[in-house]
Amino acid sequence: MCAVVGVINSKNASTYAYYALFAMQHRGQEASGISVSNGKNIKTIKAKGEVSQIFNPQNLQTLQGEIAIGHNRYSTAGNSSLDDAQPIAANCALGDIALAHNGNLVNKEEIRNQLIQDGAIFQTHMDTENVVHLIARSKKENLKDKFIESLKSCLGAYCFVLASKDKLYVARDPYGVRPLSLGRLKDGGYIVASETCAFDLIEAEFIRDIKPGELIIFTQGNDQFESIILETKNPRICAFEYVYFARPDSIIEGKSVYEIRKKMGETLAKKFPHKADFVVPVPDSGVSAAIGFAQYLKIPLEMAIVRNHYVGRTFIEPTQELRNLKVKLKLNPMRKVLDGKEIVVIDDSIVRGTTSKKIVSLLRAAGASKIHLAVACPEIKFPDIYGIDTPTFEELISANKNIEEVRKHVEADSLTFLSIEELVGSIGNERQYSLISFDGDYFIKN
Amino acid sequence: MCAVVGVINSKNASTYAYYALFAMQHRGQEASGISVSNGKNIKTIKAKGEVSQIFNPQNLQTLQGEIAIGHNRYSTAGNSSLDDAQPIAANCALGDIALAHNGNLVNKEEIRNQLIQDGAIFQTHMDTENVVHLIARSKKENLKDKFIESLKSCLGAYCFVLASKDKLYVARDPYGVRPLSLGRLKDGGYIVASETCAFDLIEAEFIRDIKPGELIIFTQGNDQFESIILETKNPRICAFEYVYFARPDSIIEGKSVYEIRKKMGETLAKKFPHKADFVVPVPDSGVSAAIGFAQYLKIPLEMAIVRNHYVGRTFIEPTQELRNLKVKLKLNPMRKVLDGKEIVVIDDSIVRGTTSKKIVSLLRAAGASKIHLAVACPEIKFPDIYGIDTPTFEELISANKNIEEVRKHVEADSLTFLSIEELVGSIGNERQYSLISFDGDYFIKN
Amino acid sequence: MCAVVGVINSKNASTYAYYALFAMQHRGQEASGISVSNGKNIKTIKAKGEVSQIFNPQNLQTLQGEIAIGHNRYSTAGNSSLDDAQPIAANCALGDIALAHNGNLVNKEEIRNQLIQDGAIFQTHMDTENVVHLIARSKKENLKDKFIESLKSCLGAYCFVLASKDKLYVARDPYGVRPLSLGRLKDGGYIVASETCAFDLIEAEFIRDIKPGELIIFTQGNDQFESIILETKNPRICAFEYVYFARPDSIIEGKSVYEIRKKMGETLAKKFPHKADFVVPVPDSGVSAAIGFAQYLKIPLEMAIVRNHYVGRTFIEPTQELRNLKVKLKLNPMRKVLDGKEIVVIDDSIVRGTTSKKIVSLLRAAGASKIHLAVACPEIKFPDIYGIDTPTFEELISANKNIEEVRKHVEADSLTFLSIEELVGSIGNERQYSLISFDGDYFIKN
Amino acid sequence: MCAVVGVINSKNASTYAYYALFAMQHRGQEASGISVSNGKNIKTIKAKGEVSQIFNPQNLQTLQGEIAIGHNRYSTAGNSSLDDAQPIAANCALGDIALAHNGNLVNKEEIRNQLIQDGAIFQTHMDTENVVHLIARSKKENLKDKFIESLKSCLGAYCFVLASKDKLYVARDPYGVRPLSLGRLKDGGYIVASETCAFDLIEAEFIRDIKPGELIIFTQGNDQFESIILETKNPRICAFEYVYFARPDSIIEGKSVYEIRKKMGETLAKKFPHKADFVVPVPDSGVSAAIGFAQYLKIPLEMAIVRNHYVGRTFIEPTQELRNLKVKLKLNPMRKVLDGKEIVVIDDSIVRGTTSKKIVSLLRAAGASKIHLAVACPEIKFPDIYGIDTPTFEELISANKNIEEVRKHVEADSLTFLSIEELVGSIGNERQYSLISFDGDYFIKN
């Protein structure tokens, strides 16, 4: 999934970047990095692991400068190499640059192959490196034009932050699939970040979202910034940000993720055909939707599954094996509450079905007499290719089974999903969304 | 606070102890250790840090044997030395023994001074070491009698687990202030642990609580165990376990911690004299009570403060300075939800008032128009000396200010506590409780 | 200084590379790395630190394949960045390649600037990356021709080892400034390494030195290799290898480093005009020459300065400050031996004069009545630019002071250097040497 | 073997202790620790590993106080537990004390058993803990008398340093088997250390050796110290200190270790019946003796075995397996020098014969035509029990084979040992020595 941050015009640029990455740790725990420009050179520290493990007062201290960019990475399938941390810093014709990226370029293989044919060398597996090459190879005169030319080659969902010695460039794809917001720091500098929760921690003031297709150029020492709309399409923010990925306290495209999740729960409640003694969220993923669900139906909400917070987040771990172990280590249903009860369990999504099956089984073992599983999103039938690391068709349970088959697989007494229309209605009918996981409409194509 | 575990008659004794400690990590993160007896010697691994950092497959592998005891420690005031990890293993006249302890001996200084006068050397600061000395110095013939004699010298709240080469001894103080439960492992062995949530993780079956004043002696290879009631008083389990310390999914003295917290919230709701648009729990400490509160008043529950789970638990950190930083890093109120709203915020307790003041301030800054603070326990006016690390009189805000003064200090619009009677009523009037933090009745005295 | 190794046709290629790097640790302690080709891909592990810290049985295990190259790096002035570890692995038109380099390209800036103008991006500060770019950009059809074309652009002193999926390429500059030898492994594979001491450890058999200007191409699975002489000049092996850098047990161009150092000591003895009670080597750098010196003059050798081997090698540490501390921690002169004695102290070289001054001062404090300093090489008047990290003119004491001035600076009673002719005579008059540090004849120029 | 240090009346007590331990690292690399008294309490930091790994500016900074003691430990057979690091700090009737010990108590089992019978608990396996118990249990009034009483129970070879809140006690056994010297720091404080090489590093001035049977009591703030001779026997310093253990630059009982080793080599030369082209020391253990040997016979000394200093010292490693690997990694004989030559190899001792056999085999493989092995000490026929960790009878090759059999085992062409008389003559006939490894005269007995 990844997170990006860019800071300019702040003496504490790298520290603000650090805290922003900390606040957005949920978007990627595989690797993190910060590059900072001191007006002449760019220095980068990046490594595997969580932000708070990689950075400390000593090494942050060495990242002096008023322009910083940062990145949290989550591993894509089977590849968690050290080399694949971002930002990618490079020395090229215009001096040092550093680039970080949240999203995915659908034409990355073609670009990479063409670049390699043209003599480029790749030192990572990341599509971000494509763009660094494109910039370096552009015949345009200045970095702005080089970057614009490079962006024109890129097909996909992306948010880029690019630092040079004295400028910060920020670009979002024409559909605006991935979120990116602009804020002002307390010390007067600017910050852009994937999620607004990053602003809250450092008390930055939200200004506006970066527009789909927009390129913003900030210049060191200058409070004015230049905005160019390179290209626009009908905006389609990724619905999965609302469903699963973003932190509930973030505001994406003007909408509170928490409130939309509650709305999804409410929509789910409206169609829920069964009775239940109470509602049980899968913590923490199902909590917001469960609140909306319970409020609508006026049935009690019970935190009947307790989460042990001494372990990390399920979805984000790299291998299937670890995840199984961790379901057991993480979630504990309470027999005292559940015994003999008919319950409705709310989760945010079903991907492989593995976790859901486990949870139903744990609840059954804890005495629940009837278990209705209600899922606050539609069936996930298609792999995402716009920057969310979903599994292949083979692994996606709803790509291979209908609802009844999935219900049987997870051994619930009933199974309810939102329809795509209900999902869209919950977020808001006034605009379009990237819904590829649900409808397979890969609207950004080669 | 600490946690103890003891396992016997299991080939995987140390692994079960490890998982039990992992499940009880919330009771102490300062240091952990496991001692295992292989029938001849006792081997111990202990260190500072969390269970999952200290142990790994390699070093657990070296802890072979069918008897294991373990301990999680949380730091007591100003003292987080390496030497103070438990279990304490010692070689004495009856061979190797290892002892771990949850609780506090009120006559520890007298005993320690007497022992020192008698030529004992202390290599730690822990009262647990007293008991090891008492055992070693007892003139009784066997370990059982030595241990009984030693226990008779101990005044206080305690749960001890003591391993010898072929036996596991488990003792609980005559008032039963600290919890301790007995279970059966899937492989037929026995387990005792401070909280039943440890049983859930490893699918051990709850048998019963250890009785106040009970000493149980398990023998390696023998499914029968011996139970002796050394002394009984009117049992008084610590109310603070229900209020704050235990995991909500634990069952203490037959009562679900989660349900009692809900009941406390409900009781609080009954006396709550104000109006509110909705209820906001302080995550995660106030969630259970907030659910009970909201259900009773039929007003919505909103998770309007989001917790960043990438940082640890507030109360448990050793220094004041870190705690302040971490409140900010951990809790984020949502302006979108709070703006212009009259809210009631539920927390489980107010100790120093520092965190509450910070939270009220954060909520106010996020737009809440009126903030009622409702606390699901009585005012904490007295330091605990029975095994919970509460601050001194000087630091306890309610020891020095009345409710109105506390309200002013935390800058809430109103402040509601449970009375002691309401607390007791919420847990159950049928028995007595250790309430020293609230009423100052130090019923175990020299 | 650096060391390189290349291995092919061995199932234990990475393990052999590891031991070879271990044996050549003295050539660079800043960073190390190994790349291995499994016939399809190249995997690299590299990091800062010593070989034995970076590699362990677990990570070596992941480097499976029959072709491996490796590198030890020592830091060049002021730059010890993580990114600057070698080998450099890259994905390019012909698949994965990895390159490691010992030496220095004198036209590296021109090449780098040209490459950058042509759109290349540099992710390190190393001239090695130039060559990877040149290979990738070559229009030649196969890797051999691309590499040859790239080498033709390179002016300087170099030994390259280049791994592709199924081949190992080894190249040495036309003057043969840096050493590189070929050997056969016990399992039948080939090995090339900077020094023959690497062969000794793993019981590889020395075959011959790589010839100046030679390119050798080894093919996986084929015992025949192709040798091409790309260009030859009058060979000029670096005299400093004999003087300082190589391990005494290495054989360079057919000559034993140990024996040549003894010969230098002997030559020094012949011209030594003073008397002395005995000879004292600076350990370990002056030991070989001191033996030759003492044998010739038939005066006793005394190990009157004791070295504490718990600290690393002086010259190789990155900062001046640390070096001063370490002289004190490392060398201890023995008063019992030295008191009242007239001694001659032998060292291999004087670079900045700092260490020598310290040693003279320590000896004086230990009671030596007269201290003659005899240096087994000529005055170092010019910075080396062919791959040895000597300081700038400003820092080189003999670039700024004549012998008498240096003597005064180091406070010795007399100071004797070898002349350039005596140095050459000691190594052997039959051929030429790279003597740039002494004569400033930068014979490889742009 | 171990090393001890004690410092008093210095504001930098712990720093001086640190450097002293660093200088004495060769006496033990298993674990190290420093205890410091600030006039009220004693604080200890100790851990496994080398001094330079355990301590850093941060943790040394926390060891504030004007009295410090320190210890380097080397592992005794099969037991390298964390708990066995020294000093042992304890809280007892007279407050905090800390004790460190170099030596071995021959009646330790009796004392330990008696103490355990009397109710003592042992938290380590070290005889040092005996003495802490004895002190704590003494009925005498003050620490001085308690310590004296405790020492009277101790039979063996020992050097103790004992810190209390305001005093430093130093004691050496009545035979003076282990060395211990007194010096004055530059800042006016006192230091005692196992070897004088510790004084050299920190420029302390040697005052005198602690006398056999002497107890010295230093008082904080007082330049006068009290000396008591508790008991004297005919002094017998351990000959093995001169042979093997001490650093060559130390002065033990007024004699330079280096000069005595040279003398041993000279004595060996006098009886050496063979011819040899040159002398080859086993580095570094045989160098001093080889110099004496070569000087006497006027044959050349050649450093024909090169040592790779990137690995640690052979004797000191805990397991046999590692040692074999490390011989190969550490020593490289030079074929160029050795080929076709008749040589005499000098080493300081033969213990198990493993290393000698390996070295002879390596030299033979490097072309030596005849290999005479000359050993600068007598045959080691008996285990040491006075503080040097020699193997059991079974493992000592000379306990089980005569010289000819050992020669055959190590496959040398000849084998020469010193006789016991020659050893004694080399050190000096004017006094007696502890020679138990050679003559089995266990003169300190129960």
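Think of it as A, B, C and D in the order they're written, each chain with its own count starting at 1.
Criterion: contacts are C-beta pairs under 8 Å (C-beta built on N, C-alpha and C of every residue); 3 or more make two chains touch, one makes a residue touch a chain.
A quick note: this is a predicted structure, and the numbers were derived from the prediction, not measured.
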item: Shared interface partners, meaning chains that touch subunit A and subunit B; value: none
item: Neighbouring chains shared between subunit B and subunit D, ordered by label; value: none
item: Same-interface partner of A-B, chosen from the options A-C, B-D or C-D, over half of the pairs matching; value: C-D
item: Chain whose mean Cα position lies farthest from subunit C; value: B
item: Where subunit A and subunit D are represented by their mean Cα positions, the distance between them in whole Å; value: 61
item: Approximate Å spacing (C-alpha centroids) for the pair subunit C, subunit D; value: 37
item: Inter-centroid spacing, subunit C versus subunit A (mean Cα positions, whole Å); value: 49
item: Touching two or more other chains - residues of subunit A; value: none
item: Pairwise chain contacts, counting only pairs that touch as defined; value: A-B, A-C, B-D, C-D
item: Subunit A to subunit C touching residues, read off their complex; value: 88-93, 116-117, 119-123, 132-133, 136-138
item: For the subunit C and subunit D complex, residues of the former touching the latter; value: 22-23, 25-26, 50, 52, 197, 200-201, 247-249, 251, 256, 258-259, 284, 287-288, 291, 295, 300-304, 306, 308-311, 313, 328-329, 332-334, 336-337
